[in-house]
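So, here's a batch of structures to check.
Shared between the two complexes below is subunit A, which has subunit B as its partner in the first and subunit C in the second.
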Partner chain A sequence: MERWRTYGFVAGFLAVPIVLYTVFVISPYVQAFQISLTDWNGIAARPAYVGLDNFGRLLGDEVFWRALRNHGILLLVLPIATIVIALFFAFVLNLGGGARGPGMAGVRGSGFYRVVFFFPQVLAVAVVGVLFKAVYRPDESGVINGALIRLGMEPVGWLIEPDLALWSIIAVMVWQAVGFYVVLFSAGMAAIPKDYFEAAALDGAGRVRLFFSITLPLLRDTVQVGWVYLGIAAFDGFALIQVLAGEKGEPDGATTVLPIEIWKNAFSYSKVGYASAMGVALFFLTVTFAVLTLRTTRRERIDL
Partner chain B sequence: MTPDSLRSVRQARSSRSLPADRPRPGVLNGLSHAALAVWALLIVAPLLWTFLASFKSNTEIFGDALQLPGELRLDAWGRAWGKAHVGRYLLNTAVVVAVSTFGTMLFGSMAAYVLARYRFPGSRVIYYYFTAGMAFPVFLALGPLFFVVKRVGLLYTHTGVILVYIAYSLPFTVFFLAAFFRTLPESVAEAARIDGASHTRTFFQIMLPMARAGLVSITIFNVLGQWNQYLLPLVLLARDQEDWVITQGIANISTLAGYEADWPGLFAAVCMAVLPVLVVYVVFQRQIQSGLGAGALK
Partner chain C sequence: MTHPGEITRRQLIRRIGLAALVVGPGAGLLSGCATGGGEEPAAPVTSATGSADPRNPFGVDARKPLKVTIFSGGYGDAYAKEIHEALYKKEFPGAAVEHNATQQISTQLRPLFVSGDVPDVVNNSGPQALDLVALAEQGHLADLTALFDAPSIDDPAKKIRDVVTPAVLDNAKIDGKDLVLNYTVSHRALWYNAKLFAAKGWTVPRTWAEFTALGDKAKAEGILLFAYPGQKGPYYQLWNVLYTAAKIGGNQAVIDIDNLVDGAWKTEPVKQAVTAWVDIQAKYGDKAYFGLDHTQTQVKHLQDKLLFYPVGSWIENEMAKDKPDGFEYAIAPIPDVTAADKMPYGAIQVGVGENFFVAARGKNPQGGLEYLRIMLSKDGARGFTEKTQNLTVVNGAAEGLDLPPGLRSAAKAQDAAGQNIITDARFEGWYKELFDYGTEQINVVMAGRITPDEFCSRMQAKADTIKKDGSVPKQTRGE
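Our next item is the complex of A and B:
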């Protein structure tokens, strides 16, 4: 009796969340896989089943490969740049002040910097896009070029040079992401017992040594989590690229990524089947990345 | 001890803590302070520039970027609020986010609670069913989602967007809150049970208040995440401009600024979109950062 009452309670609490989640999250994902095997245009009542044709076409699509190349660059540069910068700041903010009083402390002003660094994280990507459109303007009215001209240098076409545009966009992503990882790594560093640092400092280890010999090895798990998050972010980038570079990934598709192509195919060209095939490709890329990262970097945990 | 030997001891000590082959802390300190200051400047500068640009004229905006506005013009703020409907967009966003965050927290904490603290057949499966949602790229679902919402008759409505926001926030919310509920002591729940409180009552009157710290952090995350959501409304609220949320409005004003040549209006609109977020952030930054740290490490 009591058991059944408990089950009734459990079912009652789970019913609404499961229904909402199944209808709006899981069912679209499942449908995406089905649709990717059809030539559906979003209107036809009975779309024709075309097997793996969409995927065959994908492999011959130059734009698809360009998007993949851009994801490759993002996947390498975004995590490395963000993690290196964030680790440096997290270390300085938490332990950079050296042994002060009992245990280690951050440099002066740590609290202030932490608040400022994290702020871009709470800004909407659409807003960030508008901000950096102004920052990157190609003439003296751009914030960077205005400063460059003051210093007697030539203005740079940050978003209009095909070779430069993607890098300018990655810089914005790093700008926005660093604060989050500073906080993440700070939490990781706070979990390292203070005696480790004190013992090492007594043995004459400097701050550089403290970082590489103690902080980094003990922070491995946290860095790995960060790496996976950033890698998954590298497979997106839609909103920022759409606002900064337009729907085609200007200049001339140089900055395009899969989400941009999915959007274009599904909602501008009505090629829902083909767009879904791209979505499925994106899904397998993301999952492969996450599994590979977690597998290859797994190691014995260090127990504190 | 002679003064000489004292000095040598002192030297030995100082050379022990400061070997010559390492940069002196002064240099290192200076460098780290410079790096911190530069990064802070990189973050503040675009925001400050945008704020100042909202008081500039078009000519000033297209002139030297490092010039201050010639006079304090407030008309762009008025235009952005009225003509560009920023007021309307902010109101829409506030209503949508208030309802959807409440729904997310209610349903998310209910699901997380039973998954974390009750043993029943299939509980692991359901837990993974929810958290798997964090791994899927939203883009995969986007096309079909449009048609799902259309079929249930909620396309281009705030109700539709609210339900979709709740559904897409559940994986994250369930994951973090389940971790949180697991840390709460069993003894209190048991005491309540012995006193004859029903499961539902135990949850709402005892467990929820105990989980307040976790609930506050996750609520703020959901508020910010849903306030900044761009992709879902772009698909689900595409039709009527009256129903748009703030991110759609900003992206649209940004496109229009090129045609209508109202750049100060655009920057005033951006400021209006940022200010509420800034206030929430400054008030709650402690909870945001501690919640994030605690949650992400579980």
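Our next item is the complex of A and C:
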């Protein structure tokens, strides 16, 4: 009886969020699986089931593979670049000043920099997109190209050269993400006992040695979480690419990603069934990535 | 021009009635989800039941409310609110008109079509327009034959079909039925600043040699001969190339492309047109424009940084706010590409646009048809032109109006063109995927990353894929 009351109490609190979650998160997922087996055009009252046709078509769709390739590049470059840069800054901000007073300190003005680093994170993706459109603008009105032209150099088509566009966009993604991870890693570093650093410093370890032998191993969990977050972000990129490159992943589809293709097929070409099949593929990719990352990086905890 | 006769009309009505009986198996499983499922909606209300009263030919219930959804884009929505809806309320004082203006036609209306609570009149336009072919397949679009056969408000002795420009009837058809009303007339070719030309003493080039010679002269003054927006607006250049192909090889070049005729993209006129423009881009273009959108490019046009811009007559109203006094829009036909172009110099594209349809399963389809009839009255059409500075399909409705110089130049060009009117490319609406692919590939070829031959082969391959794809409903057009 007592137990029943406790569970009833807990269930009462959980009911509303669970219902909301089921209706707005779970059920769309289930429906996407269902719709991916149909030829629904978004309007028909009775879509016909076509089995796995949509998935068969995916395999032969070169645009789908191009989107996957771009996800692959994003998946490799975005987490590595962001984490490396963020770790570097976090280290410099927290420990880069060397031993000063009690324990380690960051470089001068690190409190100020920490706030500045976080600025891009506060901006909405659409704002960042518009901002960098101006930065990358290919004529003399562009921020970068304006400077290049003034210096007598040829302007660079940051977003219009197929070989360059994706990298320009990745640069923006990294720029926007770094601030958050600097803060995340700073918090992680703050949790590392100062004695470790002091002891190592007494033994004559330099900053590089401190970083690789103490900071990084003890920060492993945090880095791993960051890696999963960034990996999932690499499967998105929709808003930024839409604003910066164009709604078809221009130029020549060189910057397209699955969300862009899903949007295009569902809302421009009325192929909702096919788009849902892409959505299902994306779902499995994301889940596989998360599971793999957590599995391969799993390790015994280090007790501090 | 095909005028569907009585028999066709009766057949159509029968077919729509039959469509409701065809029920797919097992679809009930989908009930309660995004697809709506459940009951197949009742047979669409066709407005064929006319009434004898020429003042109310569709038998509108004067008290029934009317729902209107307008795409609030370049034309705004004031013309609907202040002119057409006001006229409707004047005719039926007891009827409430529910006005809804949006830029997200598809996002807003698609769920309504699935659930059944649709607006009666829809201005289906903009980048997020609904797929009309899909809607037509489901019987959501009311047959407009009754509208075209109804008496005109201004002269009951005349039918609507006799007071509109003939292209309206041609473009109304989806799967052979009259389902869409195109309301505006636009003139597409190259647009330039007449005042700049007058100041410099330049004349509009009539041949390709004159065109490139002008390009050299302009280059010396730091002006670009030609540019189009590579972002958001590459379809302007796709149109331009297609119209150039039609000028070289006649409208058949475009009609064959629309009809997915084998090898239509690999014909000589298409290749010549692509090659001619790729050469212009290579010798006189600036690759920066591949990264500029339509507004940025149009502003540069207003700043006299480029001479010719491929667009339609709506440009004048679109840029009215930014236009300096030293700029006066005027239209220039595409110069002769070869000495043996099928269409002589002066040919321009004149087309109808801005789709309106009446929902067949709305609450008040009769009111919807009447609303369109009001739009096609002289008062309705003139009001539209006054509000938007764009012409409508209603013959003579703009007479006596003080039109801006760009529109006047377009009207003059149309007179000069006479019968040499370049047709529009319908595959833009029929096979959006092919058109989108074209807008992507036109940038690729113009940037010089592929040759014109490769462009034609790629387009042909895509067209062949669409042709083979059984899930894409096919359309055909005549002359």
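Basically, the second predicted complex is superposed on the first by the 294 of 304 C-alpha atoms of A that agree within 3 Å, B and C clash if a C-alpha of one lies under 4 Å from a C-alpha of the other, contacts with A are read in each partner's own complex, and residues count from 1 in each chain.
To be clear about the criterion, a residue touches a chain if its C-beta (ideal position, glycine included) is under 8 Å from a C-beta of that chain, and two chains touch if they have at least 3 such contacts.
Not measured: the values here are computed from a predicted model.
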item: Touching partner for A:Ala275 - first (subunit B), second (subunit C), both, neither; value: first
item: First, second, both or neither for A:Pro155, with subunit B first and subunit C second; value: second
item: Touched partner set for A:Phe267, first subunit B, second subunit C, both or neither; value: both
item: First, second, both or neither for A:Pro138, with subunit B first and subunit C second; value: second
item: Partner chain(s) touched by A:Ala48 [first = subunit B, second = subunit C, both, neither]; value: second
item: Partner chain(s) touched by A:Asp252 [first = subunit B, second = subunit C, both, neither]; value: second
item: Which superposed partner A:Ile35 touches (first subunit B, second subunit C, both, neither); value: both
item: Partner with the higher number of touched subunit A residues, subunit C or subunit B; value: B
item: Touching partner for A:Ala200 - first (subunit B), second (subunit C), both, neither; value: neither
item: Touching both subunit B and subunit C, residues of subunit A; value: 27-28, 31, 35, 42, 137, 139, 145, 267
item: List of subunit B residues in touch with subunit A within their complex; value: 16-17, 19, 22-23, 25, 28-29, 32-33, 35-36, 39-40, 42-47, 49-50, 53, 61-66, 107-108, 110-111, 113-115, 118, 120, 126, 129-130, 133, 135-137, 139-145, 147-149, 152, 163-164, 166-168, 170-171, 174, 198-200, 203, 224, 227-228, 230-231, 235, 246-248, 250-251, 254, 266-267, 270, 273-274, 277-278, 280-282, 285, 288-289, 292-294, 296-297
item: Contact set on subunit A toward subunit B in their complex; value: 5-7, 9-10, 12-14, 16-18, 20-21, 23-29, 31-32, 35, 42, 85, 88-89, 92-93, 96, 98, 107, 109, 113-120, 122-127, 129-135, 137, 139-143, 145-147, 150, 175, 178-180, 183-184, 186-188, 190-191, 204, 206-208, 222, 225, 232, 235-236, 238-239, 242-243, 258-259, 262-263, 266-267, 272, 275-276, 279-280, 282-283, 286-287, 290
item: Subunit A to subunit C touching residues, read off their complex; value: 27-28, 31, 34-35, 38-49, 136-139, 145, 155, 157-160, 162, 246-248, 250-253, 264, 267-271
item: Residue ranges of subunit C touching subunit A (in the complex, touch as defined); value: 23-24, 26-27, 30, 33-38, 40-41, 106-107, 110, 113-114, 127-128, 130-131, 134-135, 137-138, 140, 230-232, 286-292, 432-433, 436, 439-440, 443-444, 447, 449, 471
